[in-house]
Amino acid sequence: MAKLRAVLIGATGLAGQQFIAALKDHPTLELTGLAASPRSAGKAYADALKASNGMTAWFVPEALPESIAKMKVVSGEEVQAKDYDIAFSAVESDVAKEMEPRLARDIPVFSAASAFRYEADVPLLIPPVNADHARLVREQQKRRGWKGYIVPIPNCTTTGMAITLAPLAERFGIKAVVMTSMQAMSGAGRSPGVIGLDILDNVIPFIPKEEEKVQVETKKILGTLDAAGAAIASHDVRVSCTCTRVAVMEGHTESVFVSLASKASVAEVVQAMREWRGAEVSRNLPSAPPRWIEVLEDPFRPQPRLDRDTHAGMATTVGRVREDSVLENGFKYLLVSHNTKMGAAKGAILVAELMRAQGILG
Amino acid sequence: MAKLRAVLIGATGLAGQQFIAALKDHPTLELTGLAASPRSAGKAYADALKASNGMTAWFVPEALPESIAKMKVVSGEEVQAKDYDIAFSAVESDVAKEMEPRLARDIPVFSAASAFRYEADVPLLIPPVNADHARLVREQQKRRGWKGYIVPIPNCTTTGMAITLAPLAERFGIKAVVMTSMQAMSGAGRSPGVIGLDILDNVIPFIPKEEEKVQVETKKILGTLDAAGAAIASHDVRVSCTCTRVAVMEGHTESVFVSLASKASVAEVVQAMREWRGAEVSRNLPSAPPRWIEVLEDPFRPQPRLDRDTHAGMATTVGRVREDSVLENGFKYLLVSHNTKMGAAKGAILVAELMRAQGILG
Amino acid sequence: MAKLRAVLIGATGLAGQQFIAALKDHPTLELTGLAASPRSAGKAYADALKASNGMTAWFVPEALPESIAKMKVVSGEEVQAKDYDIAFSAVESDVAKEMEPRLARDIPVFSAASAFRYEADVPLLIPPVNADHARLVREQQKRRGWKGYIVPIPNCTTTGMAITLAPLAERFGIKAVVMTSMQAMSGAGRSPGVIGLDILDNVIPFIPKEEEKVQVETKKILGTLDAAGAAIASHDVRVSCTCTRVAVMEGHTESVFVSLASKASVAEVVQAMREWRGAEVSRNLPSAPPRWIEVLEDPFRPQPRLDRDTHAGMATTVGRVREDSVLENGFKYLLVSHNTKMGAAKGAILVAELMRAQGILG
Amino acid sequence: MAKLRAVLIGATGLAGQQFIAALKDHPTLELTGLAASPRSAGKAYADALKASNGMTAWFVPEALPESIAKMKVVSGEEVQAKDYDIAFSAVESDVAKEMEPRLARDIPVFSAASAFRYEADVPLLIPPVNADHARLVREQQKRRGWKGYIVPIPNCTTTGMAITLAPLAERFGIKAVVMTSMQAMSGAGRSPGVIGLDILDNVIPFIPKEEEKVQVETKKILGTLDAAGAAIASHDVRVSCTCTRVAVMEGHTESVFVSLASKASVAEVVQAMREWRGAEVSRNLPSAPPRWIEVLEDPFRPQPRLDRDTHAGMATTVGRVREDSVLENGFKYLLVSHNTKMGAAKGAILVAELMRAQGILG
C-alpha cells in the first residue's frame, strides 16, 4: 500500500518539529510538503529554523532528518490540497482559522490548533477514549460541503487527564474533577516560548486560556455522540483547574482529585486504570502503545523526566492513587503525560491512523 | 531592657542557618549559644559548616555574621538551660524528642521540629491566626511539671495556607480545602536535601509525611481552645493535599481550592484577605510585616522568585482568586509563602516575640 | 544642588529596567523621562512592559518604583534634548547609531550599547581603571561639533576582566590573557533573550560577536591616552576568549589565565588585587563600592549566585588564584562580575558620576 | 563463544548504575554478580537503591533491567574471583585500593576509580588513543605476581580532551593546552553528589583534585611505552586546567586552547580530527562508535544536552575550531564528552573489549 502524502503546515514551530520527528519512518504516512510563514518560504527547512542570532532552533531530542533539512519550505498560502492526501496542522489558532478550512475543502486536516475544537460538528479525538466520535466528520462534511474535514486534537493538558478519567468514567462514573497542573516549557512553543529568566528558580502560576480549554474539552471528549452521529452531548462532569508552568523541558505533571459516581476502593481504581485497553479500534494503530496507562507503584513516581517517554511518549503514567477526604467518593493521583508526543504531534498522527483504520480517511 | 540570651540547637542545618540570619540584629533576642551534633562540637561555627568536599555549606542569601562564624559550637547534650533564657530548636524530629523536653524543664523552647506538634497540651502557633492558643502552655507546664515549655511552629507548607484560610474562616466559615503544593528545595534541608540530579528538569511528586502534616496541622491551628485553656478542639474543615517538589530555591507555591460555609463573591473573598490584620497582639511584634497577606492583581503572580521575599519573607502573597465550579461555595487561588522565613526560623522567632508580648516568656 | 534631569532611552528592555532600579533614590540624578519604541509610546511604563501573553516583563529583583510605573513612555524620536541634562541609553546597537548622536549634539549620553565603542574619539570608561581617558570627550566634541558627547561603557563581559587585569598591568605588566566565560542569561536581554528550552540542562558555547568585543575592548580600556588627549593607543596585551552561556540568572563567571610581564608569586598577585583602589577620582563616587575587587579565600568561590551582589553588584569577586604552567609568568583565577549592575546600568551611572566629579558633565 | 562472567563492585552508585545500563545486552559480557557496601549486602538490587527517604535512586535514563533489579547484592568482601572471568570496579578510590588488588590476583579488573591510575606499571587506556599501552599489564603481572591485572580508565574530564588532542599530537605535535571545563552533575555521583540548592542558578568554580588529575593523566595517556613494554614516558605537553561544575545532568563541556608544535590552518586542524580513526584494533570493538570525534559546523554546537548522546555517548563532539592569538600555533575549540558513558562505564567496557581483542584478557 502506498504511503499517504502528507503536508505539514506550521512546520518550523516546536509542534511542527515534533510532527517531523514523529513522521520519520512512519509506516503509512510520508511527509512530502512543509509549509510555514512567508518569512520562511523558499528556504531549506534547516535554514528556516535559524533564529535571529543564527542559532538553529531545533528543539526536539531526535535528530533532524537529513531529507527534511534540505526540503524547501513553502508559504502556507501556496499549499495546494491536490498535491497531498492529508494535512497536519501545527499553526497558531488565528492562522488555523484561515488555513485549515481552505485545505479541508479537499483533504482531511489533523490539527494541534484550538481554532475548531469547540465547533458543534467537530469531534475532539483521543482514539482509545472516544473513537466512536469520529463519524461526526460526516456531519461536518455535509454541513460545510467539504470533501475533507478538520479533526483537532485536544489541548496537551487535557489529553493525559482525559485518558486517566476514561476508565473511571466507564467503570464507576465520574462527577467532578479538581486538577492542578505543573506544565513543561515545551508547551509554550519557541517564539518566544518561556524565557529562561522567567522560569529558572520559579513557577509561573498562570497560562492564559489553558484552564478554560481543559475544562470544556474534557467534557466534550468524555461526552456522547447521538445516534444520528450529528452532535455530541458533553459529559456533565464538573471540572476545575489551575494550570502552572515549571522548569521542565517536556512532560506535563498533573495533580488530580476526582469524585466518582459510585463507591470504589483504591485497589479498584488502580485496577480499572491498569485493565483499560480503550476502544478496540485504537489498540493496533501503528502509533498505539502497549498500554495507554501505566500505574506505577513507586510513590516517588511519576516524574516528568523519568516517565515522559514511557512507550515512546504515548502512555500516560499514573502514581500515588489514594483516597481523598474532601470529594464524595474521592480519589487523588498524579499523572505525567508527554505534552508534545501523545499531547500533540504523535497524538494527531494517531488520530489520522484511527481515521484510516475506520475508513474515514479520504 | 536587656536582650534575652538564646541558644540555638541544630545550628548547622539549613533551618539553623536561617535562625542565625534572622536573629542578627534582633532588637530583643541575642544568640549566645550554638549547638549541633557531636561531630561539630568544639569547632568554630564556620568550620562546622564545611562539607566532606571542603565546601562551606552556608545556603542563606544573607552573609554569615562574623561573630557567629567564630563562635564555638557545642554538642547538644552539653547545653545547660541555666545559661540561657530561651532556646530555638532546628533539629530533626528524633533528636527533638530527646533534647527539647530536657531544655523545657527550665526554659521555653521554640521549635521548627514536628516532634511535639501533635501532643494535646502543645499549641501550634501562628501569631496572627491563633495567638489565643498560647496560654495552652500553662496547661503543658502544669501537666509536665516544667518551668519552661515547648511551642513548635507548623510545617512550612501548612503556614501559608493556614494564614490565607484564617480570614475566610472568620468571615465566611470554611468546610473543605483541596491543595496541591509545589515546594522549594530548601524545605528538604541540606544533608543530603534534594540532589541536583533528581530535581533538574523534573518534578518530584511525593514528600514523605508532608501531606499528613498539613492536613492535621491546619485543623489544629484553626481550632478552638476551650475556656479552661486546657485543650484545643480541631476545626472540622476537611483538608486534602498533594505535595510535590520543584526546582525552586526558596518559597512554596500552593494551589488552593476552598469550600466556604456561606456564599461570597470573588471581591468579598479578596477583601476578606486584604482587610485581615490578624490577632491584635500579633500586629506590632518586631518581626510582624505590615500586612500578613498581600493579594496581587497581576494574574501571573504570585511567583516564588519574585514574591517570596515580600515584607522580608513574612507575608503570604496570593493571586488569581477565582470561583471554583466543583466545591460548594468554591473559590480557588494560588499562594506563595517563604518556607524558611515565615515558614520556619522567622516564624519561630515571631512566636517567641508573641509569648513575650503576652507575658508568657519565662 | 539640584539633581540632574535624566532621560532613559530603551527603557523597557532588561538593561533599561536595571537603569530604573539603579537610579531610584540616586543622590544627584533624577529620572524624568522614559523613552522606548513607538509600540510603547503613550503607554504608562508598567503597561509597556506587558508581554504578548499579558505577563508583566519586569525582571529586576528590586520592585518597580510606583512613580516610574505610572510615568508615560515616549517614543525615542520624540525625546527633546533641551528637556534633560543627560541621557542614558539602553537601546540596541542599531538604534543607538541613530539616536545617540542626535542627543549628543546637546547633552552627554552614557550608553550601554556597543555602537560607538570602537570610534577613535570615544573613550570606553571604567572609572577606577581609566578615568584619565575621560577627557577624550573634549576631542570628540571638537571633531563632531557637539555640545554633549557619547561615552559608552564596555561589554559586560569585558568589565570584570579589565578590572582584575588593571592592578596586574600596573604592578607587573601583562602580556597575554586566555579567558573562558560562563555568562548569565540576563546578558541576552528579554526579547527574546535566552529561551528556557535552550538553556535548561545545557551550556550554549557561542555568543555572537561577544569574543571580539572582549578582545578589542580590553586593549582599549587598558590603553594610553596621548598627551594631547586626542587618541588612545591600545595596550599590546594579546587577548583570546571563548564565551559561553549557562543557566544562571545574573552574574558572569570568567576563568582567566594571564601571562605577566615580570615574575611574581601567587601572594603578590593576590596582594596587588587586594590593595588596588583604582583612580583616585573614582573612589568616592556615589556608586563606588568600598573595594573594586574582593579576593575570596574559600576555594569554592566566587559563585555567581552567592557573590554577584557583593557591594551592591559593583565589586568584582576573585578566587582560586594559582600559578599556571603554560603561559610565561602565568597565573590563573576565576572571577564573578554582575553583568547588569557594574557591567551595565550601574556601570554607566558610575561613569556619569565620574564625569560630574571631573567637571566634564555639561 | 560463551559470554564472560563479569562482577561489578560498587554497583549501587551512579557509575555502577551506568555499568549496569551499558552491560545490558552486551554481546560478549554478562553481568553475573553485583557487589556493594555491607549496608546493601543481602538486598535485592532495586531495594539497595532506596535512599533514606524511600526514593529509588536510579539515575540513568535507561530503565533498570528486571533481572538486575531482582539480583541479590553481595558485600564487596564476599566476592570470590573464582566465580568470575573479569571484574568492573565503580567504587570510591579508597575502597578500590583494597578491593581491586585482591581481585586482580586472579582476574582482570577494569576500573573507573583513580586509585591505581598513577602507578608506573599501570596503563591508562583510551582504546583509540593508546591501545599499544595495553601490554604494560604483562609487566604489572610480572612485578606483582598476579594472574589478573588492573586497568583503570582516565578521569571523565580527561577522556574527551585526550581524544581530541590525539589527532593533533599525531599530525602536528602539541606543546601546551589551556582548558576550562563546565562539568555535569552526574560526575559527582549521588551520595550526596551535587545538591540542588548549590547548583541551581549557579556555577561552582572548584572540583577538588580534578585539575591535577586531568593534567597528569593527559600526559600519561599521550605518552610512549618503551620497547620493553615496561614503562610509559609521559608526553611533554604542558597542561593547565580550571574545572567548574554547572547545572547540567550529563555531558562535560570543555573550552580548549592548544598550542601545536608546527604550523597549521583551521581547515587542517578540523580535517585531522575528522579523518582520525584511532588505533586500528579499536575500530571494530563492540562498543566503538563509527567515529570517535564528530566536528560540528553549527557555531552554536556542541551543546551537552543535544550532543552528549552522539553515537550512544561514545563520540566526542567538537565545534568552533578557531585560531587562537595567544599561544604559539594556537587553536581553540569546544568539546562535549559524555562523562558517564565514554567517560566512565562504557569507556571501561571498551577497554575490556580491547583487551579481549588483543588476547590479553585472562
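Chains here go by letter, A, B, C and D, matching the order in which they are written, and residues are numbered from 1 within each.
Note that a residue touches a chain if its C-beta (ideal position, glycine included) is under 8 Å from a C-beta of that chain, and two chains touch if they have at least 3 such contacts.
Here is each chain with its UniProt name: A, B, C, D = aspartate-semialdehyde dehydrogenase.
These figures come from a predicted structure and were not determined experimentally.
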item	value
Lowest number of touching-chain links that must be crossed from chain B to chain D	1
Pair sharing more residue contacts (C-beta pairs) when A-C is set against A-B	A-B
Between chain B and chain A, distance of the C-alpha-averaged centres to the nearest whole Å	42
For chain A paired with chain C, centre-to-centre distance based on mean C-alpha positions, whole Å	46
Residue numbers of chain A (touch at least two other chains)	54-55, 200-201, 204, 206, 208, 247, 249, 299-300
Chain C residues within the chain D interface of the complex	176-178, 180, 182, 201-206, 208, 215, 238-240, 242, 244, 246-249, 253, 255, 257, 259, 299-306, 319-320, 324-327, 330, 332, 334
For the chain A and chain D complex, residues of the former touching the latter	54-56, 200-201, 298-300
Touch list for chain C against partner chain A, complex	14, 53-55, 59, 185-186, 190-201, 204, 206, 208, 247, 249
